[in-house]
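Quick heads-up: structures coming right below.
The following pair of complexes shares a single chain, subunit A, combined with subunit B in the former and subunit C in the latter.
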Partner chain A sequence: MVGRTKKNIIKGFIYLILSVVSIISLFPIVLMILGSFKTEIDVFSMDHIWVFKPSMEHYTDLFVAKNFLNNLKNSLILTVSSTILSIIIGLPAAYAFARYRMKRKKDIMFWILSQRMLPPVAVVIPFFLIVRFLGLLDTYIAIIFLYTLFNLPLAIWLLRGFLEEVPVEIEESSRIDGCSEFGILWRIIIPCASGGIVATGIVCMIFTWNEFLFALVLSSKNVVTAPIVAGALKLAWGYGWGQALAAGSTVILPIVVITMFLGRRLQRGLTFGAVK
Partner chain B sequence: MRLNKGRIGFVLPAVVFLAIGSLFPFFYSLVRSFQNWNLNVPGDKITFTGFNNYAQLFTSFEVFGKPLVITIIFVISSITLEFIIALLLALLISSRDIKGKNFFRTCLIIPMATTPVIVGLMGKYLFSDFGIINHYLGKLGIPPQPWLGSSTMALIVVIIVEVWQWTPFMILILEAGLNDIPQTAVEAADMDGAKPWQVVLFIKLPLLKRLIVLALMLRTMDCIRIFDMIWSLTGGGPVNATETVSIAAYRIAFRYFNIGLGTAYCFMILIITILISIFYVNILTREEQGAW
Partner chain C sequence: MKRRRINLGNIGEKVITPIIFLLPSLSVYLVFTFGTLIYSFVLSFTDYDGLSSRFNFIGLANYIKLFKDATFYIALKNNVIWAAVSLIVPMFLGLFLAVLVDRKIRGENIFKSIFYLPQTLSFVVIGVIWSWVYEPTKGIINSTLSAIGLDSLAQQWIGDPGLTIYSLVLTGAWQITGYTMVLYLAGLRSISQDVIEASRIDGANNWQSFWYVVYPMLRNIRTVVIATIIINSFKIFDLVFTMTQGGPGEASNVLALFMYKEAFWKFRMSYGTAISVIQFLIIFIVVAVYLSRTIRQEGEV
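Here is the complex of A and B:
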């Protein structure tokens, strides 16, 4: 009996800690979303942290006066097109790395992963100069190219893990039936690994949607993305904060929704495949 | 199956892309770093200056030394804190039958997936002089702190925000690793009368080593890269107190448009990151048994 009480106390303690950690994780986000509906005076008013008169003024300012929808559209175009491109380029390569024998495969894989870890600031200066030289500053194409470049290592890395889990027997029998390598990839691998491919795509999309530095350097007017606007609003006491919080809430809304619905399926991608 | 001629087309596009992504910036920075070129001066002639830019980097501590020290402090303290907190929490929840574990995991994933610039913005909101942190501290009788106004405090805030966002990453990895440890090993030690801390220290941690190194590597590299969160949280200030190498390089290249010095700077950052990743990869390959 004594053992059981002790066990219950431990369990209660664990639940307490987990609740505290969950609250800490969500608290800043909740506070930002609440703040985005407060009037400029209430944003920093500590009497109105939880109870206040909601106002939509920052959202109307943002979407009507500042045309924030346009920035969201830019983000969406860049995110979707570069993700699709990296999957199209990455999938055959991931298949080759998953199935074919080649020399120094492990070294090549680490080289690919290390690409993902290059400091963006070190990469962006050379690319800024070349894009400027080509006259492509502030265009979709330059940023899509760069985003594809930085998504590709992650896409290959994750896809290889998913493709390795597709049983090799199905492929072998279709190879005997005379299916071409491309046909195997297209008709067998893609349908079998579709869950993993979608998960990879979503993780790439999250990282691209969140990207800041490349967009900051390569855009100036036409292709400014939503995070840039949210990060660049001038802030002062009693001025600008409401709008910044509204922009921030809008930017993270799709991410929060996606992670709430797909949480567990994204774990593997967000931890670079370390969690199966 | 070998990777023969007919199949090389599978990897070729990706390899070309990746080669452009890594080799081009590397060699371009290398060449430019020996030149003098300022975009702010219209029609500035690009001239060869030898090691002049590198000399500039190392003669004044303020240019490269200080940001490097700040980066090192930031990386080491964030990662140590993340690791300790994550290990404790992972030990607490792993292989226990807890209701709502999935809800808890979802709560943890949300910060990781949140846009870093917005995370910085939230930090700035919470830690501002009239913000909620000072408000709650006031209720505990602690006077308001100038979180983002003092040099030491600002660096601490940057570390707190980083730990808030990325501890979950370590928790997820370590918890998955702990769950994979065969129960028999733990039970055998229990039978032999091992105390709980001995089980953790001598059984669980050694079995987790590969995963720990991996998690530390991913976090170290990511912390060195960090730009956006600090950019929106402190902008590198007050008075460069939170200026990491990424922010310093950005300022030189895109505020002062000193391309020569900027590329020399980036070349140094590249070399440092490559050395650190070689260090980690070496440990990993020594530990390597599984597919990772």
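Here is the complex of A and C:
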């Protein structure tokens, strides 16, 4: 009896701590989303934290006057194309690592992963100069290429893990049935590992959607992404906070939806390389 | 003489196919990562400003200048502070939360997703949120403090030169804790229950079986967490750029932002590359020493 009460108290404490931490995690985000619907006066009013008269003025300013939809479109184009490219280029490489014996495989894998660890910051100047030399500043193609380059190491690393989970026996039998190597990859492996491929895609998408430094350096007018606008609105004097909060809320919306609905898959993707 | 029969079909399958599969990604990497690193390195020995078409080789002048530059030391110190605080707060909190979540609680997935959420958000947006929270006159922290009569505790969170970097680091900690939690949880789940039960049979209490059995078995995960935190701390850019732009003065500057400002605002491209070469070397040495020692010994890379 006593032991049970003690157990319940401990459980209660655990829930209390977890709830407090949840509030700390969520509070600033909720505050921002609420703030984006407030008038400029209410944004900082302590009396109107929860109860206020909703206003769409910041969103109207953002989407009508500032054409924010265009920036969201840029972000979407960059994100979708570089994610798809990373998967298409990464899959064969991951398959090779997962299935074939090769000399110094460990070293190549380690080298590939180390690419992910190198800070892109270290190469931003040479990339800027190369892109400028090629006349590709402020174009989609340059940024898509770079994002694919940054995503590939992690994509290969994660995909290799997921592909290794596909039982070899299925491949063996289809090979006996006369299926080619590419056919096996296309018809057998990809359908079997689709969950892992989706998880990898989500990880790549989140990185690309949020990327800031390269988007900042390589764009000037046409391909400015949504996060850049959010940052610029915060840094610009005279706009107040409302528009920055509205831009911020819009930028995080798709990511919040993905994290909340595909959270387990995403976490699996992100911890996969670490545990294996 | 014995001649080995070579099966050409076999070679095609075992040698050519993996090469074809690997070629697209490996060639891209060979050209671009090595190419740009070397380019960066060469530029750092010139006086190239990014605008003119001419430049001269000036030897180590950029590096000499860098090592005499007070901003460099401020930025370096701030990166070290960032790493040090991040190795304490999110490391401990992440492990603590992981242990709590691991106790077969209800709503585990909801808690995990909530803790993890900040990690998936854009640094820029996080910067917007927290600048607003830290706002000195009307921000939520100072308003709350004054509402409950603690005006004296209200601070210039991102205005006081001594305090600003810590406010930024705490924002970073808020962001990364969920990530360490998820990693540690994955580590905890990979430990077999038999081991823990065995320690129980041997008479270990909760705390002992955690400290002497579970914690040492988390070594691999800890390696990943520590490496990730150190790398992130030395490449931090977006958050500082959005929140303070390195200010007040240079008080909250970090290496990446220092490089960015020199190269793209002051048009000192070659000086900027010298900064990024140093930054690269710091991360490379830390990671190479730390990771090659631990991960590669584990066998399964």
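We adopt the following convention: the second predicted complex is superposed on the first by the 266 of 276 C-alpha atoms of A that agree within 3 Å, B and C clash if a C-alpha of one lies under 4 Å from a C-alpha of the other, contacts with A are read in each partner's own complex, and residues count from 1 in each chain.
The definition used in the following text is that a residue touches a chain if its C-beta (ideal position, glycine included) is under 8 Å from a C-beta of that chain, and two chains touch if they have at least 3 such contacts.
In this text, all values refer to a predicted model and were calculated from it rather than measured experimentally.
When both complexes are overlaid on subunit A, subunit B and subunit C end up clashing with each other.
In the superposed model, A:I125 lies in contact with both subunit B and subunit C. Judged by the touch definition given at the top, the superposed model places A:A65 against neither subunit B nor subunit C. With both structures placed on the common chain, the touch criterion links A:V51 to neither subunit B nor subunit C. In the superposed model, A:R264 makes contact with both subunit B and subunit C. Of the two partner chains, subunit B is the only one that A:F150 touches; subunit C does not reach it.
Contacts of A:I176 after superposition: neither subunit B nor subunit C is touched.
Contact with subunit B, but none with subunit C, is seen for A:E164 once the two complexes are overlaid on the shared chain. Taken together, the two structures place residues 11, 14-15, 17-18, 21-22, 24-26, 28-29, 31-32, 35, 44, 46, 49, 89-90, 92-93, 95-97, 100-102, 106, 110, 112, 114-115, 117-123, 125-130, 149, 152, 156, 181, 206, 209-210, 212-213, 217, 227-228, 230-231, 235, 241, 244-245, 248, 251-252, 255-256, 258-260, 263-264, 266-267, 270-271, 274-276 of subunit A in contact with subunit B in one case and with subunit C in the other. Partner subunit B is touched in their complex by these residues of subunit A: 11, 14-15, 17-18, 21-22, 24-26, 28-29, 31-32, 35, 44, 46, 49, 89-90, 92-93, 95-97, 99-102, 106, 110-112, 114-115, 117-123, 125-130, 148-150, 152-153, 156, 161, 164, 181, 185, 206, 209-210, 212-213, 217, 227-228, 230-231, 235, 237, 241, 244-245, 248, 251-252, 255-256, 258-260, 263-264, 266-267, 270-276. Of all residues in subunit A, those touching subunit C in their complex are 11, 14-15, 17-18, 21-22, 24-26, 28-29, 31-32, 35, 44, 46, 49, 89-90, 92-93, 95-97, 100-102, 106, 108-110, 112, 114-115, 117-130, 149, 152, 156, 181, 206, 209-210, 212-213, 217, 227-228, 230-231, 233-235, 241, 244-245, 247-248, 251-252, 255-256, 258-260, 263-264, 266-267, 270-271, 274-276.
Across the interface of their complex, subunit A is touched by residues 13-14, 17-18, 20-22, 24-26, 28-29, 32-33, 35-37, 39-40, 43, 50, 97, 100-101, 103, 105, 109, 111-118, 120-125, 127-133, 135, 138-140, 143-144, 147, 174, 178-179, 182-183, 185-187, 190, 220-221, 224, 227, 231, 234-235, 237-238, 241-242, 245, 256, 259-260, 263-264, 269, 272-273, 276-277, 279-280, 283-284, 287, 291-292, 295-296, 300-301 of subunit C. Within the complex, the subunit B residues that touch subunit A are 1-3, 6-7, 9-11, 13-15, 17-18, 20-22, 24-25, 28-29, 32, 89, 92-93, 96, 98, 100, 102-126, 128, 130-132, 135, 164, 168-169, 172-173, 176, 211, 214-215, 218, 221-222, 224-225, 227-228, 231-232, 245-246, 249-250, 253-254, 259, 262-263, 266-267, 269-270, 273-274, 277, 281, 285, 288, 291-292.
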